[in-house]
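Following are the structures in question.
Both complexes shown next keep chain A, but they swap its partner, so chain B is in the first and chain C is in the second.
== the complex of A and B ==
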């Protein structure tokens, strides 16, 4: 491995792959953002106009707010996933089966999940409103049709979709903690809560930080379920940054503006990632 | 050791080469045995079985007539098709023949010189074979860039059985229509199935109110800027839409339902009425997958008059998809020939085998057709006016505003005045 050329050759395929499919399109989308372009005809250079328009665009910031709300919800729900993993990892009966059940949503494609939840949320025939009616709720909400409700209704399947993924990560991390440390604490008289909070949690802090970054970044660029379930509607009430970008580029035929929004989305995600890493950074990693 | 290193080096080089060559696009080697027309359409086997089979038959017939020409098919569903055609046109790789929509959708492709004019076909091979005035929807600056396949008008379909159970008659005026809606709502039957997530569905209601209150031109004029959306007729059309919402005329949560979901409510007899265009005719006439009993219980009526005004033989509708030929196609002549062949055969086969209405003239007398189909053809022949779907008339960005605003109007988030203003704003850009 001393030969630098060989090292270069080894990373060449991956480098080409990433450049062609990620970095070059990224730069291109930033470049298209400088154009007045309907995606079909000729491009016209208009400088930073699209970017200035985006910064003044109320709809864009509204969709950004929705994305940040999603990021907040997914980060907070990590606490729940962590609690579930702590229980699962503590050798309770059936934890193996439960772990697999939690993982099922991850095995479904986004579109299948969307179709499933569209049926759950159906205002007249859906299972959710049927249950509510059974318990005597009069006039239950029409989930995906009401501007004040739709965003939160759609968060539920999104969080549900990724629960298994985070539980799996936490579970694996918790299983990595040497039994001897937990044993020692127990002999010293620590309660299970104390063990979880004072010993297990600090030991998997590195993993927790990674999941926070994953949850925030994943939420900010989220697209799938929203696109299939509501298309960002009614009238933008569930629009997020990525669906707004798609709508501009493909429905309004404004590729230049759509590209500019896409590039801003990238910048916002980058900045937020850096901030999240700064905030969660600690001086030293715990060792055992 | 050295040998091992060499092997890995060779492997790395080969994999990079594979990667590069994989990205350089593929050239078909099949061109040696004649010419190939690439044809992309949007009728997949799953959701449009009859259409899909007719296309295959026509292609087979064409290939039999022209042994040195092959037709290569690519099929995608509606929304995927729209996305793909846009991406392909960006990279100048449009198929030789494909499908397009009229007016506003067509415009950027024509501006970008992506589609070839087809006037020579209209004046030659296909002279007088279209219903008059229909190919004009595909004309920009005097040239026609698409040849329509379908023709649709929207009518209110209703469930006779539900009407009977509630002692209702087919309404002729808006007052009668309102009392039908109120009776149904009182008897806990959802009056109208509407899937307004796809908002063009709600747009049909708005367009009909506009047509009945202000006449056939008022909306078209507002869109082509010789009129305005603040026209009193258009504002009161928007008011009527909201008064329907207040009456609970539409199924619960309509703004979150797709058209497919609304359709299934109508077809499962959970709603009494459904305003849709005639592309749905097969579901109520010939489609064997729909129970006979239900097909027999569906009738339709034209949109009623409003406050005594309006012409009941004026319709909202227009051509659906049409065929285009790519401007930079290598086989333009063959492609045009194929389009002409396709339009002619489609005109015959679509009537008998798919039960939809083609844009070409139909000889109804010589064919054995379902009653409802014959009645719709009559309506079409006697139509005093057909207003093209608003979102098709508009350019893409204005259409998007229109569709968003329709959702807000039905959801009562905007007043009829704001509704008009937003349209004016978008159109004046």
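== the complex of A and C ==
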């Protein structure tokens, strides 16, 4: 079964597809970043100018800051998901149905989620302000229209979208812990909080680390939701790296500079992945 | 005391469940109302009569077309992805060749890369071969970008398949292709269905490739279509609600019937960064 032609027949279609449509474009992005190019006319080689411009570009750094803030929010919110999962996995009736209910938003497209939450945030007819009014809150903020608030407002649907995903992962990890360990601790007189914090948490630390990488890297790539909800506005207050890149290329026709930003996005993602892995890596993994 | 604690925990879990579901229920409610009801009554009120005509109206004025584009593009891309990934998994786990490890590594790296870093060169590529505004550019892109995750999910299953069956088949003079299509592929149906579900969710919900490569209305899929549509019907909340519900319905139905497969697929796709 190891005839060269047969191997090629089975592996080459998939291999060629990912090479041509994933990896070659990635390299080309770095290369186009060296060009002055409007996407239609001829490319003109200008060396590292686009990359140097990016380093001096306040708007780029601002969008990067927003991306990193979202990454920070996402990482912190993992604590909430973890707490919910600890409750959910502790012999709660209906936990299987509940975790499926939590997962529903994760199945929807970011475009539909964005459009739905535009309505939720609507100042006059949205449910958010109606609920706030019910609790006696006067003058709620203008959510998506207010530069100081918009990034936090956008984070609510992100939280909504991904909660079920992380709860699902933590729940599965917690259910993998052998009942005998928890039982032994209980007999020794450990309280539920102690069991959660001292026993369960350390045992699923490996999974928690994976989710930190997922949350950080995922946040750096956010695009659809923000592009549809605010288009990066008002006045750039919710611009993130991917939306800034997209705007440069497909709205301002600055394909050379856009490619450079796209390539920087790739480098930043890779570097951050390595750093987060290093920071969360520990010398020893706990075993059951 | 312990009783009170339990009740409190249940209340917390229920609050989270309400938070997760309530916006969708509210959307469904206003998709059945007209603007007068939406603007003058409480957002939580039930519709005075169910205005299904909102659905008819948006379906006939363009959403139907976007819907069928989403269906065929999603479906064709799934068939290609699952078939090619299965062949690759077969080659990697069952055949001996030098670069096997390196190629597998390349697929692993493919899991991590941000698509936005490749979209400008991809756009230029399709422009050069005159495939911009051609739905096949979308089918190919979906296939390529879903191959790594699909392969990852399949590999776990392929490693557990017993080799004795193929060995016996080879003894009987069975060809490699017969072994793959008649023996291996049918054995992997449980995991294939998981990858089909995951691919369906990704393809159905994808936005940025279609938004970039497709400009004619006749080829747009739902995600981009609803975006345009809502731009035109800015003030008609009932129409917007109906449009969004239509776009969510196939995935929600799939979840209703195959929730265990969806859960399995999403958990195993957690490696995707």
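Keep this in mind: the second predicted complex is superposed on the first by the 269 of 288 C-alpha atoms of A that agree within 3 Å, B and C clash if a C-alpha of one lies under 4 Å from a C-alpha of the other, contacts with A are read in each partner's own complex, and residues count from 1 in each chain.
Criterion: contacts are C-beta pairs under 8 Å (C-beta built on N, C-alpha and C of every residue); 3 or more make two chains touch, one makes a residue touch a chain.
All of these numbers come straight from a predicted model, not from anything done at the bench.
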Requested in this report: Superpose on chain A as described above, then tell me if chain B and chain C fit or clash.
Outcome: clash
Query raised in the report: Now for A:143: first (chain B), second (chain C), both, or neither, which partner does it touch?
Result: first
Report task. Examine A:130 and indicate which partner it touches, taking first as chain B and second as chain C; both and neither are also allowed. Result -> second
Query raised in the report: Touch check for A:78: first (chain B), second (chain C), both, or neither?
Result: neither
Requested in this report: For A:39, select first, second, both or neither according to whether it touches chain B, chain C, the two together, or no partner.
Outcome: both
Query raised in the report: Looking at the overlay, does A:199 come into contact with chain B only (first), chain C only (second), both, or neither?
Result: neither
Requested in this report: Quick one: classify A:251 as touching chain B (first), chain C (second), both or neither.
Outcome: first
Report task. Identify the partner contact of A:100: answer first if only chain B is touched, second if only chain C is, both if each is, neither if none is. Result -> second
Query raised in the report: Which of the two partners, first being chain B and second being chain C, lies in contact with A:210: first, second, both, or neither?
Result: second
Query raised in the report: Looking at chain A, which partner touches more of its residues: chain C or chain B?
Result: C
Query raised in the report: Counting only touches as set out at the top, which of chain B and chain C does A:121 meet: first, second, both, neither?
Result: first
Query raised in the report: Just one of 73-81, 163-171, 289-297 or 415-423 in chain B hits chain C in the overlay; which is it?
Result: 73-81
Query raised in the report: Is there a shared patch on chain A that both chain B and chain C touch, and which residues make it up?
Result: 6, 9-10, 13, 17, 20, 39, 124-125, 250, 255
Query raised in the report: Any idea which chain A residues touch chain B in the complex?
Result: 6, 9-10, 12-13, 16-17, 20, 38-42, 118, 121-125, 142-147, 150, 230-231, 233-236, 247, 250-255
Report summary line: chain A partner, complex, touching residues on chain C are 9-10, 12-13, 16-17, 19-24, 26-27, 30, 38-39, 42-44, 84-85, 87-88, 90-92, 94-97, 103, 106-107, 110, 112-125, 140-141, 143-145, 147-148, 151, 166, 170, 176, 179-180, 201, 204-208, 212, 222-224, 226-227, 230, 237, 240-241, 244, 247-248, 251-252, 255, 259, 262-263, 266-267, 270, 273
Query raised in the report: Can you list the residues on chain B that touch chain A in the complex?
Result: 5, 8-9, 12-13, 15-16, 19-20, 23, 82-83, 86, 89-90, 108-109, 111-114, 190, 196-197, 199, 251-258, 261, 265, 270, 395-397, 400, 404-405, 407-408, 411, 413
Report summary line: Per the touch rule, the chain A residues reaching chain C in their complex are 1-4, 6-7, 9-11, 13-15, 17-26, 28-29, 32, 39, 84, 87-88, 92, 98-112, 115-117, 119-120, 124-127, 130, 160, 163-165, 168-169, 172, 210-211, 213-214, 217-218, 220-221, 223-224, 227-228, 241-242, 245-246, 249-250, 255, 258-259, 262-263, 265-266, 269-270, 273
